[in-house]
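The structures come next, written out as structure tokens.
Each of the next two complexes has chain A plus one other chain: chain B in the first, chain C in the second.
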Partner chain A sequence: MRLVGLEAVIFYLFAVVAILFAIFMITARSAVHSALFLISTLVASAGLYFLLQAEFVAGVQILIYVGGVLVLFIFVIMLVNIKEEDTKIFNRQILIASILSFFLGLGIIAILLQTQKGNFFTLVSPLPPKIEQVQNSPNISQSHNISQNTIKIGQELYTRAVLPFEIASLVLLVAIVGAVRLARERKQEKIYD
Partner chain B sequence: MYIYLLSAPIWFSKLPILKDYLDPMVLDYLVWPLVQIGLLLFVVLTLIAYLTLAERKISAWIQVRIGPNRVGPQGLLQPLADGIKLLIKEDLIPLKADKGIFIVAPIIAMVAALVSLAVIPWGAAWATISNIDVGLLFILAVSSFGVLGIILGGWASNSKYALLGALRSAAQMVSYEVPMGLALIGALMFTKTLALQDMVINQENLHIWNVLFQPLGFLIYLISGIAETNRAPFDLPEAESELVAGYHTEYSGFRFSLFFIAEYASMLIISAIAVTVFLGGWYLPGLSYILIPGSTLFVLASIGVFAFKTLVLLYVFFWLRWSLPRYRYDQLMELAWKWMIPASLANILLTATILVIAKEFGLIESQGNFLSISTAGYIFLIGTAFIITVPLTWIILGQINARSRDFNLREVEPLPMNRAKKNS
Partner chain C sequence: MINLLNHILLILLQSEAASSGVKERLLEGLFNVNINNFLVLSSLLFVIGIAGVLTRRNVIVIFMSIELILNAVNINLVAFSRYWFLQSEGKNAYMGEIFTIFVIVVAAAEAVVGLGIIIAYYRNKETVAVDEIDLMKW
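Moving on, here comes the complex of A and B:
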């Protein structure tokens, strides 16, 4: 897929923002700042999903990661009140980190080469901008469908991907029960009984 | 992209000056939305200013006082005076505050609240700015940003009251987001779309308001919405008697008013979504017989209907604030996790079951994007909703939570640990 015109501008905007804030996230001293930069990265990647016409994934990405997971991150950071790490910037995990990132980079390059199938560096003449998309906007009186990929996700979740979906929900259930079990001591249980 | 911009009304594209200088496409998809956005922001911000006055007046009436009556006739210019006062006040930033986040936090809160205004169907046809396919999801996603503004503001102030308020509101808003989202799913089964304008159109086609099919869902949504906007009786994040002012203790002047605007705007959005999803949006039975659908007058009337329904819900917000005492914190959490979330799950389950049964008996038919319901189907669906869903959920949850202490107002045996203390 070759990006043209406004699409390309938006893509590069989101991509650059995502990478930049990912770097900021790692280098930030304060844990809360890190969490904020992580949020920006996630929002930028939600923008990329929008560009791929996966609005449902984009919406859920923001709803779950920003509204749920990262709010809890910040909640925990505030609760334990982590102070800025000034003295120990580098620790002894450099070796492991470099090995892991080496393999990660290898994987990314392999996938890039595989999906682009050779014409990664060849130039293709840009496509003409798509005007008809704007003109085809629907008449207001006729109601249109849920976006196709929302339907597709729903169908896939309950047909092809039903087993992983159920396993994931079971894992979450176990986690919830475990958390409740850890939070309530036996003494407390006895009192309430 | 699946973002559908709605074209401008005919009279707008025929305005003499605009028609001569601009391309019709530019007029439809650039100038008209900008006009809409400008108009909407102006109206909404003015409305928010007057909501503060309305709240003070209503509270005064409820407490048999007069309320603000000095500035202008009947105190009608009070919001203006308040605005000027807030603008002139000194902008304080605490010395040990995290300056960057302190400045950004109110902006996040306000932007999150105002962005959602773009997809709300304010009226029929051209009265909506955009009708995106995942409108409801978009609003839920964007409004979950609002929590961030509050938490970051509380943390960045470097004050213990602000931090406590922020912690409380984080826990509260994360808890109540769950039943709020789940309560909407029941209504989605009837409207079969996530686009907000289409939801209204589907309700218009069925000639019904979803609240009749979904009384439990509406109730859960309304309660969670009140908790989500930190309003009384769930205003623990800013409980004056405990936390001074909660997360915005250290904020002054215009930054404080940004938080204030965000709170009122999110109230407006919560009621607007409740109206759209449950109360039929701009649809009023019989309106299309009086006026020609699609005409300018019809659109204006639909905007009026929508505004009226929203204002009624906002009045309920104020009314509840001055009628109910504040919840205790454990009661608040218990209400979310032991009542609201199970009730919303039960609502989904029962609604789906009822729909399947109705389909088996041929009372409902799926026709593309719409449901078509026979007369017996209406009676069946509304009857089951009120006779089965609500009482059944109530009874089951009451049984499960019967031993819970938090809402038990009867005299109960003190806990063993308290008893031991009393004896010693």
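Moving on, here comes the complex of A and C:
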């Protein structure tokens, strides 16, 4: 994998945006601001997925994370009505927690350096072998101008990954039932019981 | 990020030991984004998420930090999927992306159940600060 020229510039742009807004997210005073910064980080990583030619995952990221989960977060923030005059946003273990996470990050990056035997920063990977990206099967031959990514993922999802796919639908069903059960009020419980 | 820092450091030092060959290789490496850059980005996002989980008081922001951690893992998976696609000439190349989709599904389910718990707790105790949620501590 090798991104050069404009793609490298776009990578650095999205990476800086993602990290910057992630830092803003964990330091923002208001929870609504945190949610908006998290949306920016997730959109930046969707851009990185486009750069990695994973268009379907990028679309899923924007549709589900930004369109679904984050809207749910903002909805709950509005619902629980947090007092803004509550000035403490960090708990009392902030010093030791930030030191610990700093050393965790240092450790992970040290391990990454270790695996490349010292030429991590100067590593130039060889050009990838040429791949004919499109191998046309007759029934999808009209669409060979667009990316094959979504077609391939769909085929794999319904053939080799079909059991995890069904289990995922079961997980979603359990989550729906559990959320409805958890979030209803006493009055509603009395009515339905 | 780290590449950039290293590059700036090298320019600042301008030592004689850093010969022009090394500098050229470094520049080439800097504008040659490979899987290592994605790994560094992903680990930085992961650590920021860990710091958010450990330091914040608001439960909702802690949940958002967990989403950030899962997103860092997703970047890792998609980068390795692309890497394997180029190495293996397209064989088994989409499993990383499929795993990413499952991670997104589980993240959505987790967010739904967690937010349901938060709403139920807020209805009883009128708080979402983690250091005031100590009902099960003796």
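Points worth noting:
One rule holds for everything that comes next: the second predicted complex is superposed on the first by the 117 of 193 C-alpha atoms of A that agree within 3 Å, B and C clash if a C-alpha of one lies under 4 Å from a C-alpha of the other, contacts with A are read in each partner's own complex, and residues count from 1 in each chain.
In the analysis below, contacts are C-beta pairs under 8 Å (C-beta built on N, C-alpha and C of every residue); 3 or more make two chains touch, one makes a residue touch a chain.
Small disclaimer: the values here were computed from a predicted structure and weren't measured.
Look at A:11: by the touch rule set out above, it reaches chain C but stays clear of chain B. In the superposition on chain A, A:25 contacts chain C only, with no contact to chain B.
Once chain A of one complex is fitted onto chain A of the other, the partner contacts of A:56 extend to both chain B and chain C.
Using the contact criterion defined above for the overlaid structures, shared-chain residue A:71 touches chain B, although it does not reach chain C. By the touch criterion stated above, A:79 is placed in contact with chain B and with chain C alike.
When chain B and chain C are set side by side, the one touching more residues of chain A is C. Chain A uses residues 53, 56, 60, 68, 72, 79, 133 to touch chain B in one structure and chain C in the other.
Interface residues of chain A, counted against chain B in their complex, comprise 30, 32-33, 36, 39, 50-51, 53, 55-56, 59-60, 62-63, 66-68, 70-72, 74-75, 78-79, 133-135, 137-138, 140-141, 143-147, 150, 191. For chain A in complex with chain C, the residues that touch the partner chain are 1-5, 7-8, 11-12, 15-16, 18-19, 22-23, 25-26, 31, 34-35, 38, 41-42, 45, 48-49, 52-54, 56-57, 60-61, 64-65, 68-69, 72-73, 76-77, 79-80, 82, 86, 88-94, 97-98, 100-102, 104-105, 108-109, 112, 116, 120-125, 128-129, 131, 133, 149, 152-153, 156-157, 160-161, 164, 168, 171-172, 174-176, 178-183, 185. If you check the complex, the residues on chain B that touch chain A are 1-2, 4-7, 25, 29, 98, 101, 124-126, 131-134, 137-138, 140-142, 144-145, 147-148, 151-152, 155, 163, 166-167, 170-171, 173-174, 177, 181, 192-195, 197-198, 201-202, 205, 293-294, 368-370, 415-417.
Touching chain A in their complex are the following residues of chain C: 1-4, 6, 22, 25-26, 28-41, 43-52, 54-58, 60-61, 63-65, 67-68, 71, 74-75, 78-79, 81-83, 85-87, 89-90, 93-95, 97-98, 100-102, 104-113, 115-120, 122-123, 128-131.
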